[in-house]
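Here's the structure we're looking at; comments come further down.
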Amino acid sequence: MSKPDRPATESRRGFVNWLLGTSAGAFVVSAFYPVARFVVPPLEAESATSSVTLPFGPAEIGTNQGKSFRFGNRPGLLVRTPSGELRAFSAECTHLSCTVQYRTDESRIWCACHNGFFDLTGTNVQGPPPRPLETYDVNVRGDQIVVGLKA
Amino acid sequence: MNRNMTLAAVVAVGLVLCIAPGLFAQDSSDMCIECHRALDSEPLSRQVEQFEVDIHAAAGFGCVDCHGGDASIAGPGGMDPALGFLGAPGGEEIIAVCGRCHSDAEFMRQFNPSLRVDQEAEYWTSRHGQRLAAAGDTAVATCADCHAPHGIRPASDPKSTVYPPNVASTCGRCHDDSARMGTYDIPVDQNEKYARSVHHEALVEGGDISAPTCNDCHGNHGAAPPGISWVGNVCGQCHAVMADQYEQSRHAQTFVEMGMPGCATCHSNHEILEAGDSLLGLGDGAVCAACHTEGDPGGSAAMAMRAGIDSLTVEIDEATAVLHEAEQAGMEVSAAQADMKDSNSALVMGRAAMHSFSPDAVTEALAPGREIAGASLEKGQSALQDLRVRRMGLIASVAIILVLILALVLKIRQIGSGPADSPGRA
Amino acid sequence: MENHESRLSAIWNWLDQRIGLAPAISLARKKEVPVHKHSIWYYMGGMTLFLYLVQIGTGILLLIYYRPSAEEAYESVQFLMTDVKFGWLVRSIHHWAANLMIFMAFVHLVSVLFMKAYRPPRELTWFSGVILLALALAFGFTGYLLPWNELAFFATRVGTEIVGVFPFVGDFALKIARGGTDVTGATLTRFYGVHVAILPAIGFFFLGLHLLLVQKLGMSVPPSIENSGSPKRAMKFVPDFFLRDAIGWLVAVALLVTLAAFLPAHLGVKADPFAAAPAGIKPEWYFMFMFHQLKLLPAHILGIEGELVGVMAFALGGVFLFLVPFLDRNAARGKPSPLFTWIGIAILAYILIMTWLGYTADPMG
């Protein structure tokens, strides 16, 4: 500080202060941008792999009807049996992993690829499927349906 | 000569032992078992052991129910033909012995009401039965050749000779034997071929008991080669979609006219390998090339169908690889991955639709799959793009930090009160 | 411009009148840091403090999405890592800053030990520092379990097992540590509470004490420098030392984001209490020397359970480290104390060798 103030030093000081201020500002912005984005909740509701809350309620599926849903990155099939019971299965056919669907006319689960049929317990009863469908647990909590892996 | 004498001696000793009263089972009513057990000679004693696990023994039947004679008489006296003793039945006798109960619905209902009673009737319609009846050929298979006499187990028992995974070797006992088959001019390579087939793999390695073995196509008691015109019905039992489409196609009629065996024309009969895409088209391993060439409409249809299936396969592989890469990098792509399952469904449907031999039907079946695969690929690529943005963000923020550090260094220099020229501690 | 400055000074005056800013400023101006060839070690404490602040910041952010239950913990972390924007960054920085903080705390402790900075009147600074290190290790141990993955689950099972070896109180202490007889969802909520509430509360108290003492007593100068009578220079804490500190912190931030981008914290497989323990269960690196030592001990030493002997030895070692200011009489009187330097070197060498052996040993052994 004891050095004599020359114009060159003066402008140098100004530059350093400018650089310090600007870069510190940029740093603060770059630190707070991720934090701000982090705090904003993501659009999709939380998805867990061991259980999933279906995007539709028990009232939206009538008797003798099937509705597909997403279980993590795999397709699932919810069926309300003619007797009114809700059952959930993996919708992946055990033959070649085609997506199966519910056949209202047959009251059975059907794979369109090779005409395989599964009964309402998921057992393979006709056609090429070698194994029963994987079954999931279904719980109804109020107007929510929660499907989970078998404990 | 020497062996016969030994056998005779053994039998003699056995008889003496049997006749000596009270030496063995005092309260046994079945002298057959007592004597034969004591015989130190195969196969006479082994049959007794085997019979212990026989389903008939479990149901309370004994030797005399098939062989006749009187089990209460010790010694050769019980084996008097006058008492109905048959010895070892052969040929038509076997069919009659088994059929006596197994064709009698009233009788069988007491033991197993769900068991069919038409085996004997079916047998007479089989190639085996016809040869036996018409030509008196006793070399053909009868009940006892497949059902392991004295050790008969139900087909559901894994130790049974007719348990599905064991059926091929049971049939192979005769059909693998070139000396035996030579007289009929029948090839002996079926079992060897079957062992390489996708059905054998599913049955034996995959443990899928419903996968077909010999009897599922040829019938069991009514065994006969399937006719050329209805081989499709055999395969169509399980492969219904393909069979339907084939039925409606122009090949169905043409193949019959040409005397070609339907499904087996392309897929062979015993050596049915996993049907890959390479079967279709005109390239290496393509079965269409046997009749079609590049110039004819059939050839170009085959090439078009193959091209469609190949495109979707490549598109699916590409999208799957990109999604996998994105997933490994910690990006969320589970929705796109779930969609990809439908794309795979379309590919499988397209492969099935190929049996209509119509390129339009294949294109239509594949269309949704191609759409989904395209959309998924885009999603995967945009996820990877996000990842690159992430790395760019890192570079940018590190650059900002470096500039800030530089500014601080300059500031420190400028303040100039570093250690070098600072005044001593107060 | 004029107007702007006068408004600032008005705000300043307003605040100064109410909370007394002037004394704080003069205190900061007065604070000086001695300059000599070992000055570099003065930066270690500040670095540890900075990383602790990073932990608080990222930890608070993680709390927004984390759910402390066995059913949801793993899934919520997975959700955070994949769906939440920059979730991967926040969690990875929390992970890496934790490791770096404990490393810096070790370096700080070792440098203080070798520079004999624990001499009177700084015994309390040392005590609070050792307690802070223990708290940092407890932070690490409890935080490790929170993602509820397989590796953490079994490492926690092994780690808490140690509590149970103590005679008489072992079973009870184990039950307290685990919230039951085994590691379960109850352990998870317990560890969560300890990690985010109990440890921070205790930590702030000791950190405050530690910083207050450092402020009150000033920086210690090593005896070797003091005795050699070398020129006693100093630099002002504000701005000279502080700006240099800031450079170190920025380097740390750059290192953290780079580590986070290229080596993000893994999540692994969800813990399954009924599954068999996977091969290669390892604690965090800072527990490795103890973990490996306990593995090497024979089943029984002089008729006492080997593990108990080992745990007692480590406990005694901790007590010894804590009491160093009282034990090192020579240093306290300003005399050279090579004995404690050598003890320090021996402990350091032991920890380094055991850690190295722990990472290279055959996992089946």
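Labels for the chains are A, B and C, by order of writing; each one numbers its residues from 1.
Criterion: contacts are C-beta pairs under 8 Å (C-beta built on N, C-alpha and C of every residue); 3 or more make two chains touch, one makes a residue touch a chain.
It should be emphasised that the depicted structure is a prediction, and the values quoted were computed from it without experimental measurement.
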item: Chain pair with more C-beta contacts, A-C versus B-C; value: B-C
item: Chain closest to the assembly centre - both centres taken as Cα means; value: A
item: Averaged-CA centre spacing for the pair chain C and chain A, given as whole angstrom; value: 37
item: Chain B-chain C separation of Cα centroids, rounded to whole Å; value: 62
item: Multi-chain contact sites of chain B, meaning residues that touch two or more partners; value: 397, 401, 404, 408, 411, 415, 417
item: Residues within chain A bordering two or more other chains; value: 27, 31, 47
item: Interface hub residues of chain C, defined as touching at least two other chains; value: 83, 250, 253
item: Partner chain B, residues of chain C touching it in the complex; value: 32, 34-35, 39, 81-83, 88, 231-236, 239-240, 243-244, 246-247, 250-251, 253-254, 257-258, 261, 264
item: Residue ranges of chain C in contact with chain A within the complex; value: 61, 64, 71-72, 75-76, 78-79, 83-87, 89-90, 250, 253, 270
item: Chain B to chain C touching residues, read off their complex; value: 330-332, 390-391, 394, 397-398, 401-402, 404-405, 408-409, 411-412, 415, 417-419, 422, 424-426
item: Residue ranges of chain B in contact with chain A within the complex; value: 202, 206, 208, 210-211, 238-242, 333-335, 337-338, 341-342, 344-345, 348-349, 352, 396-397, 400-401, 403-404, 406-408, 410-411, 414-417
item: Of all residues in chain A, those that touch chain B in their complex; value: 1, 3, 12-13, 16-17, 19-20, 23-24, 26-27, 30-31, 47, 70, 72-75, 91-92, 96-99, 112-115, 127-128, 130-131
